[in-house]
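Taking it in order: structure first as structure tokens, then the write-up.
Order of writing sets the chain letters: A, B, C and D. Residues in each chain are counted from 1.
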Amino acid sequence: MGWKNYMGMLVLFLMVAAAPLIIRNDYYLGVLVFAALNCLACIGLCLLMGYAGQISLGHAAFIGIGAYASGYMTVRLGLSPWTAMAAGIFLSAGVALIVGIPALRLKGHYLAMATLGFGSILHIVAVAAIDITGGPGGLNNIPAISLFGIALNTDTRFFYFSWAIVLIGLYFGFNLIHSRVGRGLRALHGSEDAAGSLGINTASYKIQIFVLSSVYASISGSLYAYYINYIDPGPFSVMHSVLLVTMVAVGGLHKIWGAVFGAVLLTLLPEFLSSFSEYFQVIGIEYKPDYDTLIYGLILLIIMLFLPEGLFGGFGDAIHALQGKMKRLREARE
Amino acid sequence: MKKSLLMIGVVIVLLLMSGSVLFAGEKDYRVGCVFAITGKASWLGEPEMKTVEMIAREINEAGGINGHKLKLFIEDSQGDNTRAVNAVKKLIKKNNVCAIIGPSRSGTSMAVIPIVQKAQIPLISCAGAEVIVVPVEERKWVFKTPQKDSDCVRRIYEHMIEKGIKDIGIISGTTGFGNAGRKQLKDIAAEYKINIVADETYSPADTDMTAQLVKIKNAGAMALVNWSIVPAQSIVPQNMKHLKMDIQLYQSHGFGNVKYAKAAGAAGNGIIFPAGRLLAVDSLPDDNPQKAVLLGYKNKYETKFNETVSTFGGHAYDSLWLVANALKAVGDNPEKIREQLEKSELVGTGGIFKLSPMDHNGLDKTAFEMLTVQDGKFVVLKD
Amino acid sequence: MNHIILELINLRKVFGGVVAVNALDLTVQKNTITSIIGPNGAGKTTVFNLITGSIRPTGGSIEFFGKQMQANHAYIAAGMGIARTFQNAQVFPDMTVLENIMVGRHLKSSSGLIRSSLIPPFFRREEKEIKTEAMKRLSFVGLDEHADKPAGSLPLGYQRMLEIARALAMEPKLLLLDEPASGLNTRETFAMGELIGRIKKMNITVMLVEHDMELVMDISDKVAVVNFGSRIAEGTPAEVQLNPDVIAAYLGE
Amino acid sequence: MNTGGGFSDFLQFIFMGLQRGSIYALVAMGFNIIYNSTGLINFAQGEFVVLGGLMMVTLTMTLSLPMPVAFVITVLFVMIMGILMERLTINPVKSPSVMRLIIITIAVSIIIKGLAMIFWGKESHFMRHFSSEETFEIFGATILPQTLWIIGILVLVVICFILFFNYTMTGKSMRACAINRDAARLTGINDRNMVMLSFALSAGIGAIAGIIITPIIQMDYARGALLGLKGFGAAVVGGLGNSLGAVVAGILLGVIEALGGGYISSHYMDAMALLIMLVVLFIRPSGIFGSVEASRLKEF
């Protein structure tokens, strides 16, 4: 089973390698960098939601922790970006542990609301703790990160860097789900009673995966800070948490590829919509970015009502069905 | 699985390429604009967008600049940093603009500074916070047209000294604008020997500032400065009225939208705030050098869009004219535009601009007029 | 053969005001098949849940290998060597049959989150071991050819077999089977009986809750009859069948 | 800094807290009605409040309808929206997982928000108070007539609520469904209709909250999320499903926020109610009134 995922990674690797040769425009590379950052957070969220079956509506807070740890430590303490990123990871993991232990005893709606509350509180802190976060004014002059002495300060370089991290994240994710731990998680999702009866410490696993997904989010946040070189509380609001959940759900909850697909698709969606709006104008319909919110909501609702496995899941099912049909046809002919 | 991924890749690439087909005529002067047209800060971006579209049309109908048409590329930041960064990149890399106007908000302006600095494209921000152009050594390519918040603070403090007010409370909205103003208020207070006895904040989503106001009242403040740009600021005078607080309320130039005065209702009467003269053009003396420009803009805007002008649209007006004049003088080379901007002079809506290599704003405190609210209207303060 | 593996002493469980298990005493000897029978709602499954630690007793105690069990989570009991199946066959429907059994090897392997995520499965010896062991259990119950199907797609009879294979993968000392034959047809029930017999031969002690009397009487070494949470009879199948209390309980008073 | 002024300040904060808390209480009651009949938390609850407020602004300020007429039309309008939501998004989904339901209601909240933005724009909407804006003075603290309206209407809603669920057939049927759906169905109660009715009632209560608070807070399209979250906080603190608990808890949260903002720090005022919600969720998920069995309305 597993090899397909690793083949997929190879395909993605080739696509990433080739992309800057085809896409010569830094602007689109920049958009794809944001897609990569969302991907990273969504992979972590997908491990939590799709595999461990636990919802989090506060994941933007972990992105924020990563971003602010990176921002604060590089700007105010003068640490290197890598050290700051590592510190962010530990900080996120620590916060996830503290919040996760009580929160993950809760189920379903309670957990959703608890994480939502947690996310809101952290956002309020980011706005109010001006001495650390710079408050609404934010932190600027965050340095670029460098790798082997090369500063990643162009879009092409950062594009490769961010997608390389996504590939590493995918690699860890796939290893995990095809391992003892991953099976334990999926078992937990299938039947918590049965999983327990086989010796799986369900509570501990939920917390571990929550911590892991917070680490993914934190790295995504650190990269954001090094890419934009400026952070303020805006992008780490509850709305962004909801958007991440939307990405995972639209792509397909139960497949990591779904999360990747959903993240890329929804990051690019405003681009599509704005270029469509130019076409719409020709035929006399005025499309305004005001409608974006509505379109996001409609897409999410339609997917959840009619394609609960998400676009990627639905896509996969369709291909399966098609393959089955072809096979049967071939057999019938022989 | 492999096939499907490949398919997705192909579709994405195709869609991306389709967008770049649209381009303007080769000889046009291309200027980019990034405004918060939608989203929570749309009250800033909407008048800005309307203003630049109106002026650009006017310029083009008059034959363009040096025979070139002025082509505007307007992007919506939705008041969001990520989108603003994307938008500025798009303008620079995809639309090849020679200068950028905007963004509307202080936070988004800060977010895009590194990009224009690196790409070496001049940017004229329409946002208030002074840090956008200070320190000038690190802001070689960045300019802004709204008046400086430090000058606004000075005008308020001077007025207070005149009235014998020493102990004041401050309350600010938790946005980039509010935060920057709060810092300036605290930094400059000592210069005027003013005591800040209470320092409170409220979030843009806040609905009731009673708690903050009671604290300010108890701290013995003789006047209150409400520094904010969000609509929630008009709740402060209402709450004060409900609490029967009768100390003088000062607002910042972020109050410069007549809708805010209307939303404050009767409670708004008597608020004092420094702002550009655009808001009170009717009560200006005829010999004021700005009056002609102001009246012209105001009349055109109000006839065309059937809504009251705000200072925010005025900032976009000034920015666009600065760029248009520079284009006229030196053509569309970004470096030359930058140099030209640094020696520009303009009688604008925000004041009389005199930019220099050391001052990328070019306004001083005389750009402000002390205004007051009278029955939901702004008038020049008489005493 | 007289070695006692599990002993329930004066066990009691009350849900709200309802007494589900009342002063129950029961001993289970090593390498035997002990069945608990009784009418619906007699508290049989509750006894299993108490033994596996998914619920805590209100009173009394459970001794496993002479030591009092303190398990308050199912996974702790599993760690002590107690495996179980469920009345409503709880396979993991979205995982393949083989993967289901591989989950059963959880306690016999050790790699954690970090080690798991660093190295891909095909480079890890432990993964190979898990797979080999899982395949053995799969053959044992005779589901080899279904290895790669999603478990949810199997018919109920196979799902029950799969559940047992999964439990066996734990190499348990004690296996609790909760109505393994319910919903099965005669042929499948026969196969199930035969399978349970083979499990006993592997030196695994089996406890059984079952309604199919033929199966129970056929394979059990000892039968305990419970009603309203109390034991009303205990003995060999033959003894129990003649007990007047049992007949009364089953036919109604 | 001098926080003197003593009692009158304290009273002022209490009034402010009552006003905030009443809204949280109404939102929490809305959560409970749907929770009891379906076991789901409606993440679009806050949007009902927004819809109520905005619709009322249009009817009274733009169309100049008299207050009572506008009030009724608004509540009916939002109730219809609630019914539409249930019919179009909740009802058609057969045996959904909890996560899917959560995401569906989130999607609905985004859609309502998007629609509200398109129809009413992004600016805050100003609405005149129900009666005069002249404040009364009580022991040195001031109180707005609108605050009295808010508290009065909350009391009225609670009374109607008790009467409805205890003395009408429909109300009793809804309670029966909440306790045991299967049993209720056997006695001939149409449980699907009861679910729809619960959405309608919940939306109606949300609308009332929106109507009465708008004169004070100036409604805009984006306010739903925070109102919803704090209302949920009240529902949790009061014990999810226990509506009288929710009312007490909502007012408690409002008062704590006001006192916290007044005596501790206004910068963290919004965080306080949320923090209390988290602590209660973590330590006592059944709510602080969870064990109060005496309440006859426990299920609702």
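Assume contacts are C-beta pairs under 8 Å (C-beta built on N, C-alpha and C of every residue); 3 or more make two chains touch, one makes a residue touch a chain.
All values derive from a computational prediction rather than experimental measurement.
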Among the chains, which one keeps its Cα centre farthest from the Cα centre of subunit D?
-> C
Can you figure out the chain closest to the middle, judged by Cα centres?
-> A
Mind checking the centre-to-centre distance between subunit B and subunit C? Centres are C-alpha means, answer in whole Å.
-> 72
Subunit C to subunit D: how many Å between their CA centres?
-> 49
Starting from the mean Cα coordinates of subunit A and subunit D, work out the distance between those two points in Å.
-> 33
Can you check how far apart subunit A and subunit C are, centre to centre, with Cα atoms defining each centre and the answer in Å?
-> 41
Note: subunit D residues in touch with at least two other chains are 226, 267, 270
Could you list which residues of subunit A touch at least two other chains?
-> 124, 128, 290, 292
Per-residue multi-chain contacts in subunit C, two or more chains | none
Classify the chain contact graph as line, ring, star, complete or other.
-> other
Contacting chain pairs, sorted by label, are A-B, A-C, A-D, B-D
Using the touch definition up top, name the residues of subunit A that touch subunit C in the complex.
-> 1-3, 6, 171-176, 178-184, 186-187, 189-191, 193-203, 208-209, 212, 254
Sites on subunit A touched by subunit B in the complex | 4, 7-8, 11-12, 15, 19, 22-23, 25-28, 30-31, 34, 124, 127-128, 130, 135-138, 140, 153, 155, 228-232, 234-235, 257, 261, 264, 268, 270-272, 274-275, 278, 288-290, 292, 315-316, 319
If you look only at subunit B, which of its residues touch subunit D in the complex?
-> 38-40, 42-43, 174, 197-198, 200-203, 205-212, 214-215, 217-220, 231-232, 234-235, 241-244, 259, 262-263, 265-266
In the complex, the residues of subunit A that touch subunit D are 49, 53, 55, 102-103, 105-110, 112-114, 116-118, 120-121, 124-125, 128, 238-239, 242, 245-246, 249, 253, 290-298, 300-301, 304-305, 308
In the complex, subunit C residues that touch subunit A = 52, 54, 73-75, 77-79, 83-84, 86, 90-96, 99, 102-107, 109-113, 116-122, 124, 126-127, 130, 148, 163, 166-167, 170
